[in-house]
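First the structure, which I've put down as structure tokens, then a few questions once you've had a look.
The letters A, B, C and D name the chains in turn, as written, and every chain counts its residues from 1.
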Amino acid sequence: MLALDLLLQGIVQGAIYALIALGLTLIYGLLRILHVAHAALFTLGGYIGVIVTNETGSLPLALIVAMVSVGLLGIVIYRLAYKPLLDQSPLVALIASIGLFIAFEEVFRLVFGSYGLSFENPPLRTQVNLGGGLLISHSKLLVIGMAIVILSILAWLSTRTRTGIAWKATVTDSQIASSFGINIERVRYLNFFIGSALAAAAGVMVALLTNLVEPTMGAVASYKALAIIVLGGLGSVRGTLVASIAIGIVESFGTVYVGHILDRDALAFAFLVIALMIRPQGLFKAG
Amino acid sequence: MLLSVSDVTVQFGGVTAVADLSLQVDRGELIGIIGPNGAGKTTLMRVISGLVRPTSGSILLNGQDVTGWTIDRRVRSGLALAQQIVKPLATFTLAENVALACGSRRMGSPWQAMTTVDRNAELQRGRELLELVGIAAAADDYPSAVPLGYLKCLELARALALEPELILLDEPLAGLNQAEAAQMADRIASLVTESRSIILIEHNLREVIRICPKLFVQDQGRYLDFGATEEVMANPKVRAAYLGEGAI
Amino acid sequence: MLSVKNIQCGYGDIVAVHDLSFDAAAGEVFALIGANGAGKTTTIMALAGHLPPNQGSITVDGCDISAGPARERLQYGIALVPEGRRVFPDLSVEDNLTVGGHTLERARLATNRDNVYQIFPRLAERRSQLAGSLSGGEQQMLAIARAMMADPKILLVDELSLGLMPKMVDECYQVVDTLKKQGLLIVLVEQSTQRALDVADQVAVLESGHLAWQGSGDEARTDSSVVSAYLGT
Amino acid sequence: MAYEVILLTTMAIMVLFALSLNVITGFCGQVSLGHAAFYGIGAYVGAMLTKAGWPLLIALLPAAGIAGLIGFFVGLMSLRVRHDFLAITTMGIAFLFVGFVRKQEWLGGEIGISGIPAFGFGRIGLLVVALACAGLFAAVTVYLKRSWMGFGFDSIADDEDTARILGIDVPRFKLWAFVIGTAGAGVAGALYAHHVRYIGPDSFGFVESVTVLAMVIIGGIGSVWAVALAAAVLSVLPLWFQFIDDYKLLIYGLLVFAVMRFSPNGIAGALQSFRRRLR
């Protein structure tokens, strides 16, 4: 029973990682930038989620506001920070992004305070019995459900709509894509919007699970998202999903069985380092 | 025998880029490797230089089996490579680019490299080599400031600086105009000595035929012909490979 | 229809094509031949809008398009079949065609796709297969089909026969012939000189970025000096 | 007086720390996002040894040695990955270090190590040692830069494939850079432990790794003097101006971003291009 419980826990965590990491992968796939500041958008999403819920009492509204506003901020970041750096070495963008991330974290601390915010009436705290004594809270169910819904919508968008197909074409070969009339710049904006909105959704969900948002909440989770996309093969959507769930599960089992040697975060990175030593190109090579 | 390539096959994924090729090069030879685009010439070159590991087959350099060696080790034992896409070190002046190559033999051991400071002799030698290839005037310029023709010459000077017994040249004439190409071809021919051989991959058939006494022809990764230039060029299979099926 | 006047293009300080001019009309095959590095692909990329010329002009039916971005070339009827095919390997055959018809209205997209499948029945059979799993010849077909989706007037074809089995080369040339008869202008770059000469109405031989010879297809076919200039024998 | 001594000691230690990363990232072009791990290794080794009765000056040697040895193995692993993968792998190493230390009771676990003995020759003595170490390391790296090893590093940072074609044994050069750089960080860490006399896992986290990388980058990748200057200024800025302390990280972040955005070659690069323009 413990094993099942841990598995479930791992999947919930993995689903959140997947939402954060997917945005990073989308951005890496298109621009070859490791967008560390993505972490800040995740945190901001969490804050907006809590604040809007507390003001209006509506969680769905909060989720939408968080996703849209953070998505727009993502576009602004691309336009002001990354676009001018595209012809530099990718490390320049990486380091600029780290700088931006640190600055954002501090802004959150200064604006929202160091001690974090919570929901006034924490939504969805009740537990459901899945049978056999396996309990799960509504919020966790929502996280899994949301992840499935969002990923399905994304899958539908990218395989069934012309915009989605154009986007995939741009990722593989933007020069040729532009030859067929695709506006590359618009695809990039869209990419940043969707990726950032996903991070915001993940932020709201983490806020739901822990009932706490704090300025530093982005740090570890998002470094882990970097680890995940590297592990997934950088730019491979499928690899990212597999790696997210894998790291979620490794963590949840690892904390119980080897937690006395390594802490939770170190476990994920130990897994990353070992996996990269065996497959330096990540689990899946990007197409 | 300076270089002996035996039964080399290279597969990428499911594609066979080079199939069962063998090639022998003696001291003092200048051999042209030709073949249509996609013939696997560059792959063969990369196998000889060590940038690509063959799926099967072996490479002997001076009688030593170097098949598993890294490229830098091959370079320190007498091989030099000038690539088709020129790759100057962008943060080095042309003279420094060549000087670094002049000191390559001491670069096998970091300790030796660490305990040596003086680089004047190499910089001097670098200037001499730039003079030899005709671009001494640009010795103190950075690669971004000089035309492509100069960079091609730089590749050559750098290869010479390694004091190699065998130089691999991948399309040194590509992108040069007719006069420049002829000049470069003459320069290449003049570099062959009793102790220095050159393998030349080139699309500019006019110049290859003019300067190379022997040709090796491959098509779609396979061996087509190897021998004296005139005989090879008279071979109908070779002409067909170049002109398409209709020419037979 | 297509008029190129004294264009010069290159990368940074490096000039890859010097002072090239030609005119070509609908229903023609204009063949650009020459060795590797002679500047053929550079010319094609300039026509496709990926490499704006430093000097000179490119006009289509009197409109100067030299400076416009690649994305707008289809508006002037120019479509590209790039070197190495560059189909989108992770997309299905059908989705590759959808990208080709990105600028079309929805209804038109379906019609054109059906038309293209008529010309390339083999692609229709493989419509849901990933493009990356096609053979080299099928990918070349797909690259042509993708370019045909937006009803171009001018087709730029870079290295049609490169790396293909002889049988597939024949099929590709048959397609070129069909398209030409439909009234398209085809600008064809080829390594395989003989094949290009067989179909060409006009021929330009490039050498090291300079125009070495220019004339009609008939002249080129009868004048063996064109071939020998290229082969150097 | 005492305050200035503390300030200067902090400065000297950070200069040493930044210069040690400069060997790996600046000279050899290998971006490390986990350099604080080696600073931490040196700090823990130094602290454990002096608590066991070793004199600090002798404890510096094993601090350098063990950090360098672990650096060697990390370097060995890093040979398999490049660029972005390398940056993330080194970041992983840093998290591994912190996560490992946190769970080790004999290293003080979460609580860390307190009561680290003061240096026998007092605060001024420690300052002299720190200045000497930083000065010595600076001299060594200036020498390295001028030697053929520096020439080799330059070529690897420029384009490692081309470096190989010119006969340079790239993996061995990289390993040397890692060993020299991590050993230097080890010394800096041991000095730091005796400077603040309390260390814990959180003293060596990701922020510290990024901070030191920021110093190297803001100074200008590869330039010994500019990096030393940037480290000196940036390390004491928040101490000098107490009111800035609250915004310290915000300013760091914005500075790193601004330098990358407007002058990717750092202050040294900006000066160089300014000088070129004057000519």
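The working rule: a residue touches a chain if its C-beta (ideal position, glycine included) is under 8 Å from a C-beta of that chain, and two chains touch if they have at least 3 such contacts.
Bear in mind the structure is a predicted one, so any value in this text is a computation, not a measurement.
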**Message:** Which chains sit in contact with both members of the pair chain A and chain C?
**Reply:** none
**Asked** What are the chains that chain B and chain C both touch?
**Response** none
**Asked** If you take the mean of the Cα atoms for each chain, which one ends up farthest from chain D?
**Response** C
**Request:** If you tally contacting C-beta pairs, which comes out ahead, B-D or A-D? Let me know.
**Result:** A-D
**Prompt:** For chain A and chain D, what's the span in angstrom between their mean Cα positions?
**Reply:** 31
**Fill in**
CA centroids of chain C and chain D: separation to the nearest Å works out as 55
**Request:** Go ahead and note the Å separation of the Cα centroids belonging to chain B and chain D.
**Result:** 42
**Prompt:** Using CA atom averages as chain centres, what separation in Å is found between chain A and chain B?
**Reply:** 48
**Complete:** By the touch definition above, chain A meets two or more other chains at residues none
**Message:** I need the residues of chain C touching at least two other chains; which ones are they?
**Reply:** none
**Chain-to-chain touches, reported pairwise for every pair that qualifies** = A-C, A-D, B-C, B-D
**Request:** State the interface residues of chain A toward chain C in the complex, per the touch definition above.
**Result:** 159, 162, 165-166, 168-169, 172-173, 175-184, 287
**Complete:** Residue set of chain B touching chain C in the complex reads 36-38, 144, 147-148, 171, 173-178, 180-181, 203-210, 233, 239, 242-247
**Asked** Can you list the chain D residues touching chain A in their complex?
**Response** 31, 33, 77, 80-81, 83-85, 87-89, 91-93, 95-96, 98-100, 102-103, 206-207, 210, 213-214, 217, 246-247, 249-250, 252-261, 264
**Message:** Taking the touch rule as given, give the residues of chain D at its contact with chain B in the complex, in rising order.
**Reply:** 143-144, 146-149, 151-152, 154-155, 157-159, 161-170, 172-173, 175-176
**Fill in**
Contacts from chain C onto chain B in the complex sit at residues 12-14, 16, 35-37, 159, 161-163, 166, 169, 191-195, 198, 207-210, 227, 230-233
